[in-house]
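Since the structure comes first, as structure tokens, the remarks are kept for the end.
Lettered A, B, C, D, E, F and G in written order, each chain numbered from 1.
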Amino acid sequence: MDAFQNLGFWRTLLVTVVLSALPLVFILLYALVTIYLEMKVAAHVQDRLAYMRTGWHGVLQPIADFIKLLQKEDIISVAADRKLFILAPYIVFMGTYGAYAAIPFSSIFIGAQIDLGAFFIVAISSLVVVGILMAGWASNNKWSIFGAVRSVAQMVSYEIPTVLAILVGVMITGSLNLQEVTKFQAGGIQDWVIFGGPLPLLQKLLITPFTVITFLILFVASLAEVNRTPFDLPEAESELVQGFFTEYSGMRWALFYVAEYANMFLVSAVAVAYFLGGWGSPFGETLSGPVLGFFWFVLKGMVLVFLQIWLRWTLPRLRVDQLMYTAWKVLVPFLFVCIVAIGLILVL
Amino acid sequence: MGLLDQRFENGNVFVTSLENLLNWARLSSLYQMQFGLACCAIEMMAASASDFDIMRFGIIPRATPRQADVMFVAGTVTLKMASRIKRLYDQMAEPRYIISMGSCANCGGPYWEHGYHVLKGVDRVIPVDVYVPGCPPRPEALLEGIIKLQEKVRKESLVKKPA
Amino acid sequence: MIETKSLPTQYASQPGPVQTSSGKTLRTDEMIINMGPQHPSTHGVLRLEIVVEGEIIIDVIPHIGYLHRCFEKHAEHMTNYQQVIPYCDRLDYCAAINDEHSYVLAVERMLKIELPERVEYIRVVMAELQRIASHLIAVGTFGIDAGAFTPFLYAFHDRELILDLFEMTCGARLLYNYFWIGGLSHDIPPQFVDKAKQFCTYFRPRIKEFNDLLTYNEIFVKRTANVGVLPKDVALNYACSGPMLRGSGINWDLRRDDPYSVYHKLQWEPQIGKGEMGTVGDVWDRHIVRMREMEVSLSIIEQALAALPEGNVQAAIPKRIRPDAGEVYARTETPRGELGFYVISDGSGTPFRVKARAPAFVNLSVLPAISRGCMIADLVLIAGSVDIVLGQVDR
Amino acid sequence: MTVAQFSQWLQTPGLNHFLLISGILFSLGVFAILTRRNAIMVLMGIELVLNAANINFLAFSRYTTGTLDGQVIAIFVIILAAAEAAIALAIVLNIYQNFNSVNIDEINQLKD
Amino acid sequence: MLTEFGKVFIFLIIGALFVAAGLLVAWLLRPRRPYPGKVAPYECGEEPVGDAWVRFNVRFYVIALIFLVFDVEVVFLLPWALVFRDLGLFGFLEMAVFLGILLVGFAYVWVKGDLDWDKPRPVVPQINRNPESHVEPGKRNVEVPVVN
Amino acid sequence: MTIDLFTLAFYLFALITLASAAVVVFSKNIIYSSFALLFTFFGVAGLYVLLMADFIAITQIMIYVGGILVLLLFGVMLTTKVISVDMRTGTIQTLPAVLVVSAMAGVLIGIFWTTDWKVSPTAVGFEKTAPRIGEMLLSTYLLPFEIASVVLLVALVGAAMIARREKKPL
Amino acid sequence: MTAEEILNSLKAKFGDAIVEAKLDAPQPWIVVNPSRTKEIAFFLRDDPATRFDYMMCLSGVDYNNGKLGIVYHLFSMVHRHKIVLKAFCTKEQPHIQSVTSVWATANWHEREAFDMYGIVIDEHPDLRRILLPYDWEGHPLRKDYQVPEFYNGMKVPY
């Protein structure tokens, strides 16, 4: 966005607003693609076809879903707390979309070049937590409350491993600004933080096992952050019907759904930016550039999203106490070890 | 406002194409309420499994009636269950459709005579859009029922019917 | 139309202490949740009224009867004994053949007729095929309960192959009306034997694949081991049967211990839970018993097909079946356990009384006892491991 | 102060404006502490007060000292607020378990 | 000039506007036919018994509490992580002390079992014994039936 | 009349903060109070940003919204008997409180108003606050920094100890 | 143990509580006093010689002569023997003692007997209807049962 600094104020504002809406377009397109992809991947895991009737191989299905959801009646149960029920999707979506401001889609495009980008993403995501609690509580439905409370407990628990894993990235890259973090790893696949970053060879060799573990932990924790299998307890159909949005119908529910898919990409994007070289090309200078950068970034993000989908259709689900066990007694201690080890390797 | 609550006096190109778009969306994306009653539910499950793959029609199971568009009443409706079915139907968001699957749901099936606790046809409590005969209907029959329902949805109109 | 109870515009929650339907007053931090009759994991229309404190289950009160289709009334009102068979099919719609088998056996015992060998062998083949089909539904839906959707579809795909075999035999996919009193409705088609053998060779590796995907999955084991433990003596006291009883480590199988048909001529062993992953009698044990029983069934089918004699498929029975006045209780091992028919005849052409002792009904009654203190997620698995079919529970 | 001055004042937010906001927030917090019976509401009041204090720290840091000390202190305040909220809520829960109420008056009466 | 945080704010506003726009379009299209049965709360087809707004397990609070403490810790760790390479070993040791003290707390809650969620505490059922008889039910029925 | 963006943002956030704080304080429903606190914290974070304290602002959102607010909400949900009337939080001694608080507010605001603060003419724009805060924490403020860890330790241990409850037998 | 031995040991223990027996039937049965089923059941379960630890089935029956009855099919996993117990009552005084405390499986079977035949099971821990709705009238498996025209506004016959 730096190119527009010289324009007049209002024009800058206008340009900013338009540019800020670009991630929204991305989210919508991405959501349509991913919803389709999710079912198609599932179907191919499961020996079947899934969507075939709407357009070629059902590619129009997500659009049909969307238009149908627009037509669905909006029910607010009499037992619900109306105000909070209506407010909740706003909070959730704002939390999700606000976080996209700090995602570096390309070397020339980042919504807001905050120095503390990663920290900001983590912080603003807590709006989602509050929104979910709000939605569940306002529904006044037992399944919703269970789902919301489970969801919140899960999200706050897994926020610690997420942040600690990001911290490892910060230690290596020395920055919270995702754009700078990406530039730090611009040298190609060997400079990615997952392989230790651009460090002297010895340090790199020492550090790589820890960074790989950290990346895996980040991926696992992000699965939990976005409620995906095997951590999909908040909306576990076989237990809690639909979790915190059991009472939501039509468009309100669709917005939660979009926010959920947007979150899937969000966590993948953070992992990509910190550990997989962001928009940097895996081949260093070759095949890099703003547009290709966007391509690489989305590609890497989608690979992680694809992994999430794949896992979802393969694994059973954990129980809530096992979930907490995993977060606090497995991931967090491992990360502390990683932090101390990496810190020692880096300062010595 | 609620366009779907309105009825236009007469259709023009705009209305009919809008109508086509909305109907197309509705018929292509019929979310199914995860709900089975009896024998037919097994065939319904078979229909949603790999071999028949109901999802080809855009049908996804949803666990809650709030997000569902179509309810397959698959199986015998007993008097004890009827009020629950009615309640679940009530709680579905409109537009909503019902497919009555199997003889029991259509008319009581083999239980029509001595079934003191069997409701003789689910249409006695909720309106049914498509009846799928059979005891139990094969999954293909259910798919046919879905296609019939889609045809019915396609013919829905925003224009007032001539009196 | 039902008169809808008009709700006040502001949904009023009942003031004062809340009571469960069995009359227990709740403590302050407990609440009642209705799981079902429409719930993805109650396998039909079971309603579990659960009292929870947090996620810990204090009490479970099953409410059944949402599918009470008056089987016993129908049995008394049919014009003859044969006409009851289709209703038996609809008891346990996942394993219709086994239900027919039990009823037919009861009536045949009353009539004291001998069946041709061929009939018995075909019955064994059919019953075991049906057992595999039924277990496939059970383990598949159990996978869904545990959150794994894919195994369900694999199971249903394989089940379709069995249904194809049934279809080529009697034209029906689910409810067959194939076992008749004194024999079968008609003989198996000529290509059946080959097809069935093909299925057996196809299906063995599939069981292993299924086990790799689900049964030995680390998360699945963590979820199911040591959950819903049903000790031996309690299982007996509750008269559990089938995989439920064998899962608790009791070596008991009616096919071997109360022999009927030609099971005693075949070589096989019942499978019991050994507590490999946790305690004997936990949910995982019940699951693995089902998985192993499928292999056993395959071996029974292969033996029975190999030994299949030629002959008639209908014994000489009177056109109008009139057993002497008297009563009989006959039981067979269905996929869910001991299905007994207690038939009283008053000498006329219709049964005086038919009581179906449904294994799912009996097994389900143990659910409250073994799920106390578990979490909601466990309850779902426990209910899944009982493998209920509501048609049989409610009859 | 004339209207024009006031309008000018309004248009140039500076230290005083932030102090004013902080003052109002502080008063609201104190009001909640003083008037509310529910212990958790009292806690919320305290959070408001602490927020008001932080605004002051940051405002002075920004407008007078020009160093980051105010910000560092603000971090410590936030940390203390977190610790305080944790402990206080734990106490509230404990009281609630014993008295089945978080109503300060009722607890006073129950104590006697 | 619009700062970077201004842009963030614009993002938030756009997020809210998107929700509003989506709901508005839906509002234009969707039917509205509420009646008492439809707006009744859903509970698997039954009428709900008791209110959903009951009190929750204290577990949730303890988890949130531990989270809060770690959250705060992260706030200290992040600035440290940005500069620790410049500060060298000394900075690392300072943070090690800080972390060490906190890990004591972590160890404490771990040992005391506060990190555990509500574990299921299954009640293993027992069979009834005859009140008049002196035979212990456990002993009597444990024997497995005879195997052929 | 043109208003620059800073002013606009200031009034916006001031409005959000004060309005939601008023809801917090005056709402009869404690759940509304808690959720209104979300907006107060958010507005205050906005004010922090205007005060060039980006790190503090994000910390504010992270800790207050993500931590303390969730904690408070759980506290409310744990203790509030919604079924009975307790959800509404009563007020006591409103009139004296109003007097005291308005007097205090008057004094405070009077002091703020009348004092001639030494406003530094070159209000520094802080760039990259976080690394500098990190440095300061590890040098100038080392002692408070380490003490903070002890405080957190005490808070964790103490709160966990107080909140722990013996498991009831079923 | 044969049915005769079981009958003898029961007679020795309970005497007049054993009303009748038919040992030559394919499945021999013994009729017992409906108000003493529990102690007899405890004896049959706990006595080392009988050890009927498995209740196969419990059925209510309407004999269409004013008599209702419950039939207990018992089985011993240890000794592999079977016996059928019966307890009769009249339609006017439909009371039979519960055996739920002996065999937990009897719980739901007895509720079903109550539901279908209106046999009041004394000492049952939770005697409610089980299959039919709680507000159902009548006991449908009685031979003289008339199907109601309406239930809750829904027409019952076709």
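We adopt the following convention: a contact is a pair of C-beta atoms (placed from the backbone, for glycine too) under 8 Å apart; a residue touches a chain by one contact, two chains touch by 3 or more.
Note that the coordinates shown come from a computational prediction; the quantities given were computed from them, not determined experimentally.
Set against the C-alpha centre of chain C, every other chain centre is closer than that of D. Counting C-beta pairs in contact across C-E and across A-F gives the higher total for C-E. With centres defined as mean CA coordinates, chain F is found 6 Å away from chain D.
Centre-to-centre, using mean CA coordinates, chain C is 24 Å away from chain G. The distance from the centre of chain C to the centre of chain F, each centre being the mean of the chain's C-alpha atoms, comes to 60 Å.
Centres computed as Cα averages put chain B at a distance of 56 Å from chain D. Shared interface positions of chain B, i.e. residues touching 2 or more other chains, are given as 4, 22, 34, 49-51, 63-66, 80, 82-84, 86, 88, 90-91, 94-95, 113, 116-117, 124-125. Among the residues of chain D, those in touch with two or more other chains are 75, 78-79, 82-83, 85-86, 89-90, 93, 97.
Among the residues of chain E, those in touch with two or more other chains are 1-2, 5-6, 27, 29-33, 36-46, 48, 50-61, 64-69, 71-72, 74-76, 78, 81-82, 84, 91, 95, 99, 106, 118, 120-121, 123, 127-128, 141, 145. Across the interface of their complex, chain E is touched by residues 1, 5, 9, 12-13, 16-17, 20-21, 23-24, 69-80, 89-90, 93-98, 100-102, 111-114, 116, 119-120, 124, 137, 139-145, 149, 152-153, 156-157, 159-160, 163-164, 167, 170-171, 174-176, 241, 246-247, 250-252, 254-255, 319-321, 323-325, 328-329, 332, 336, 339-340, 343-344, 346-348 of chain A.
Taken in their complex, chain E has these residues touching chain F: 1-3, 5-6, 9, 50-51, 53-58, 60-62, 64-69, 71-76, 78-84, 86-87, 91, 94-95, 97-99, 101-102, 104-106, 108-109, 112, 114, 121, 123. Interface residues of chain G, counted against chain B in their complex, comprise 131-133, 140, 145, 147-148, 151-152, 154-158. Of all residues in chain B, only 33-39, 41-43, 45-46, 49-51, 61, 63, 65, 75-76, 78, 80-84, 86, 88, 90, 110-111, 113-118, 124-125, 135-136, 138 touch chain C in the complex they form. Partner chain D is touched in their complex by these residues of chain F: 1, 3, 6-7, 10-11, 14, 17-18, 21-22, 24-25, 30, 33-34, 37, 40-41, 44, 47-48, 50-53, 55-56, 59-60, 63-64, 67-68, 71-72, 75-76, 78-80, 86, 89-94, 97-98, 100-102, 104-105, 108-109, 112-113, 117-120, 122-124, 126, 129, 132-133, 136-137, 140-141, 144, 148, 151-152, 154-156, 158-163, 165.
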